[in-house]
Amino acid sequence: MAEIKKIGVFTSGGDAPGMNAAIRAVVRSALYYNLQVAGIRRGYEGMISGDIFNMDRKSVANIIQRGGTILKTARSDQFRTPEGRKIAYEQLKANGIDALVAIGGDGTFTGARIFGHEYDIPVLGLPGTIDNDLLGTDFTIGYDTAINTVVDAVDKIRDTAESHDRLFIVEVMGRDCGLIALRTGIAAGAEAILIPESKTDLNALYERLEKGRKDKSSKIVMVAESGEAGDAFEIGRQIKERYPQYDTRISILGHIQRGGRPSCMDRVLASRIGVAAVEGLLAGRRNEMVGIISNELAYTPFEHAIKHNIEINDNFLKIVEILSL
Amino acid sequence: MAEIKKIGVFTSGGDAPGMNAAIRAVVRSALYYNLQVAGIRRGYEGMISGDIFNMDRKSVANIIQRGGTILKTARSDQFRTPEGRKIAYEQLKANGIDALVAIGGDGTFTGARIFGHEYDIPVLGLPGTIDNDLLGTDFTIGYDTAINTVVDAVDKIRDTAESHDRLFIVEVMGRDCGLIALRTGIAAGAEAILIPESKTDLNALYERLEKGRKDKSSKIVMVAESGEAGDAFEIGRQIKERYPQYDTRISILGHIQRGGRPSCMDRVLASRIGVAAVEGLLAGRRNEMVGIISNELAYTPFEHAIKHNIEINDNFLKIVEILSL
Amino acid sequence: MAEIKKIGVFTSGGDAPGMNAAIRAVVRSALYYNLQVAGIRRGYEGMISGDIFNMDRKSVANIIQRGGTILKTARSDQFRTPEGRKIAYEQLKANGIDALVAIGGDGTFTGARIFGHEYDIPVLGLPGTIDNDLLGTDFTIGYDTAINTVVDAVDKIRDTAESHDRLFIVEVMGRDCGLIALRTGIAAGAEAILIPESKTDLNALYERLEKGRKDKSSKIVMVAESGEAGDAFEIGRQIKERYPQYDTRISILGHIQRGGRPSCMDRVLASRIGVAAVEGLLAGRRNEMVGIISNELAYTPFEHAIKHNIEINDNFLKIVEILSL
Amino acid sequence: MAEIKKIGVFTSGGDAPGMNAAIRAVVRSALYYNLQVAGIRRGYEGMISGDIFNMDRKSVANIIQRGGTILKTARSDQFRTPEGRKIAYEQLKANGIDALVAIGGDGTFTGARIFGHEYDIPVLGLPGTIDNDLLGTDFTIGYDTAINTVVDAVDKIRDTAESHDRLFIVEVMGRDCGLIALRTGIAAGAEAILIPESKTDLNALYERLEKGRKDKSSKIVMVAESGEAGDAFEIGRQIKERYPQYDTRISILGHIQRGGRPSCMDRVLASRIGVAAVEGLLAGRRNEMVGIISNELAYTPFEHAIKHNIEINDNFLKIVEILSL
């Protein structure tokens, strides 16, 4: 294995709060270990188009607290083709980049895994996604911030739900994974939570609503987008039909969940694993995602990290049942 | 005019942050002036059903910072009938209430005006609505909080818009009045604002988008709900058709705009005019809304306050044009 | 009067949230009117040392939501001397700057006034200070954000005060002007407020504390720094001596009051008067501060703006008395 | 062991955000398992004075999002005496309470441990303290909220530090444990962190300050209160003496760190272990603290939980060194 002299760093896929803290950590630890470091803009798109620039300490000054990603992000169809990846590799060589840190989610790591097998360039990944849907880390960068954003929003919605005695159906992100809905549902005191993993049907929801206190007319139902029961509007339609006595409203939280200043925990996570990615590359690691499990650094092969069978703690659903009614 | 001994206070219509601060101010100033004070739950509905209870200093302890309204709110069809209002009057008499403070918006004051003419009971109103769509006050209780909530949300959306170079269409509240969209559009650095008052057509929007910097691909278009150009989804559809090169997304902020801890200014406003309502009733005022104009107390007859021809400062739209591109 | 071709903009004195929004407004409206615009770093210090650079639209991209000032700020002893001001003037000429927008408080405008009289260079000022201690504008840029920051902090302190039945003395900024303490005291439900203007002595405070509800043991006393009664620690010492039964604590909010994302109102204010400053210079105005009075633009000569006899609305203190106990 | 019919719950020691979520969880899960539940006000003080009341589902409605503790908290000298504990036990018996859930920190559990040995009443503890200084749980209730509050505050301070090129010494809570300073220092991008555990002397601090970039004049030094190097004012005095060229300021964050709406993670933690405490009592557990280690419930004997030799991850200090300069 050749000595590493210059690391390239990029963000890819959906953006997540804390990505900037991760970029900062990669850049500054690379410099600390006397490496050069280059930023690649817009993920694999910029790798192919050569949108690459050298970074120094000042490039990442005053960004740890900022949402989004200063390197921008995109999805790349071209990188899915062997031709695209070949161009990308040539661009990296042309820029003297001999190792990569990829910050993103499962799409990012799927690309990184293939690229790392095809070309002799070590790649390590940092889990940057609000969905928390990767194996090999207790939490992904952005998840903690996103769940706080959701809870802030539902606290506001609870104010108006209480004032009007309304039932609110609140849809949160998490296409294949209900972890956002689950923790925020507990934290917001939701009456019921519908997530993909729990195969919740509407009958179970109806049962829960009917077991509720009669004197408590404001209710929150938390729904993960694309849950099995259909989306929030469809669920709302059915609830309105069955319970015309409820003043039922829908709220889709949407893209506010992706933005905002990262929480303390997201910044610390991003900082720790950003440093570890550089140190891991120097130690000869490749084709792995760096995460934290039980407060210890953990390196997980990309193919395992993206397996996507995140287990839902059954106990969480029981807690909602016990506490909400 | 008979001496006032007991004041009834209620909230009605859409809830707004700061309503609790207003209730607190009415209750405590009534007690300060040695009056009794009763809370009426759920607005005119509770007035008719007799959901009325005596309040003391502790009833309003620790509520100044809470969103929503502890008195709850509702819309009442029955109060629109003479029969409903007759029952309401009888309930007030049965509870010894001889003056009212109504906290709400134009629907609330329309009811109050009629009631105040039909029955010999003095009523003063406090403007409590996030829409800022009443004459007789520079700001309504809740408006300042709501625009900060919107700006917080759009700052978050801007993070992800910048990271992905997206165009976001953000729909905010303000059915008949674009004041939320206007101020938040300036504050969030929106590229364009569509409000009911400005008869904005989509061609003007297109012109603005095309005048924009070519190197600035993230854009925010702020839309007041039910603006003339159609709602956010329809506008989004048309923009996508015309500008397929933009990665266009829609965000409906929805009910989060109604909730949350009131801002400092909303609490101060609610406190000032809450005290002034009680003092006004004692001074013999009736059938007026209490507001603040140019930092001075102002009393405006209900029929004038709800006239709804809020003038939009043309200069505001010019400012958006100058600053956003 | 010579035609204006290039405007210089700078921030000076204590920083305030919204200064960046003001800089953005000045830069973009200058460009809108086909003027050049230069940024001067660190106020009068940078003017003297020639720390001056040309700005374009991108120079102020994505700063409207950021606290602090990208132009940095400082206090300058050298500018108080005729020699210093002569060098400053020569630097401006060398950079082709023929008009200035000064963003700051009374120190800034004192310097601007003298400079504007000595040299033939038009200067307009924008009120940027959290203290709200200038005549000629209802609010200064930063005041609204600062009072929200204070209220957020006191809400948190109230949580712990309530839990422990404590009396908290909270010191806020406002050296010569109690407007921060006054509005935040009302909004936070303080039991008493000590401000320079009201010549409050401790006996009045004791009276207020003793009139309070016996069942309400948590209390907040809001103090403006350098109020006449001495600072928070001294007041705390005396209260502890007189009321050993209270669990009395001190909290100095300090510099958090200067930072943070500006509120919606501060951004709108900064945007409006930033545009107006450029338009005012083009219309031949000079040696004036631009403000907003009763929602209308107002131009006030510097010597009047800094007169410092801000009137305190007596009614505000009465409101605290009525509502807090 | 007698069957448990009625659980008493109380909070004791310093308050922490999330205590209300824990109370809610204990009350609702007790009711779920058909137990009675009583609230004891002001910790051991209220246990001795008999300030005890029955709680139902509504007693804990709408509190999950509130800071502080609705049961109030206090420190009790009397409970340290055998006589005090005897009265407390008699009060519990008189109220039919046959098991306890104690929410607090090491002082609380020290008392609980002794009490649980002296009297035949099972006690389980929930870790409620912002300091995160207990063994047997990865995080204590309140820690996550507190570190976010600190980071929010330091982000604001950074705004003004950047604008003025100042060095700020920020003192945070954590009398015997530097975990607040450590994580927030990383998250806020502090230049140096002084914590009790690292036996940091000022020479090391000076070295770090001198290794810093010459072009970066704003600096944050994070100090845990009562760290070995002396308090923030003393450190500030020495830095000013040694580095007169720095514009050095002190900020003591103080009691704002204890309050505020709990974060999502704190609410989830409090909910999970609140349920587990009731289930643990029913399963015959006693004299243990309930925590979460590596996302699993963990029960730790009181005497072990309060041992106080929290290990500091050395890696954290290295991260600060790598990232800050």
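As written, the chain order gives the labels A, B, C and D, with residue 1 at the start of each chain.
As a convention for this text, a residue touches a chain if its C-beta (ideal position, glycine included) is under 8 Å from a C-beta of that chain, and two chains touch if they have at least 3 such contacts.
The structure presented is a predicted model; accordingly, all values stated were derived computationally and were not measured.
Novice: Going by the stated contact rule, which chains contact chain A and chain B alike?
Specialist: Correct list: empty, since no chain touches both.
Novice: Averaging each chain's C-alpha atoms to get its centre, pick out the one most distant from chain D.
Specialist: Of all chains, B has its centre farthest from that of chain D.
Novice: If you average the CA atoms of chain A and of chain C, how far apart do the two points sit, in angstrom?
Specialist: The answer is 39 Å.
Novice: Determine the centre-to-centre distance between chain C and chain D, using the mean Cα coordinates as centres, and give it in whole Å.
Specialist: Those two chain centres are 36 Å apart.
Novice: Can you compute the centre-to-centre distance for chain A and chain D, using the mean CA position of each chain? Integer Å is fine.
Specialist: 28
Novice: Spell out, as numbers or ranges, the residues of chain A touching 2 or more other chains.
Specialist: Those would be 155, 158, 162.
Novice: Think of each chain as a node with edges to the chains it touches; is that a line, ring, star, complete or other?
Specialist: The chain contacts form a single closed ring, each chain touching exactly two others.
Novice: Just spell out which pairs of chains touch, all of them.
Specialist: Pairwise, the chains that meet the contact rule are A-B, A-D, B-C, C-D.
Novice: Which stretch or stretches of chain C touch chain D in the complex?
Specialist: Going through chain C, the ones touching chain D are 11, 15, 17, 19, 66-69, 72-74, 149, 153, 155-160, 162-165, 168, 249-256, 258-260.
Novice: What does chain D use to touch chain A in their complex?
Specialist: Residues 21, 24-25, 28-29, 32, 57-58, 61-62, 64-65, 138, 144, 147-148, 150-151, 155, 158, 162, 183-184, 186-189, 213, 215-216, 261, 263-265, 267-268, 271-272, 275, 293-295, 313, 315-316, 318-319, 322-323, 325.
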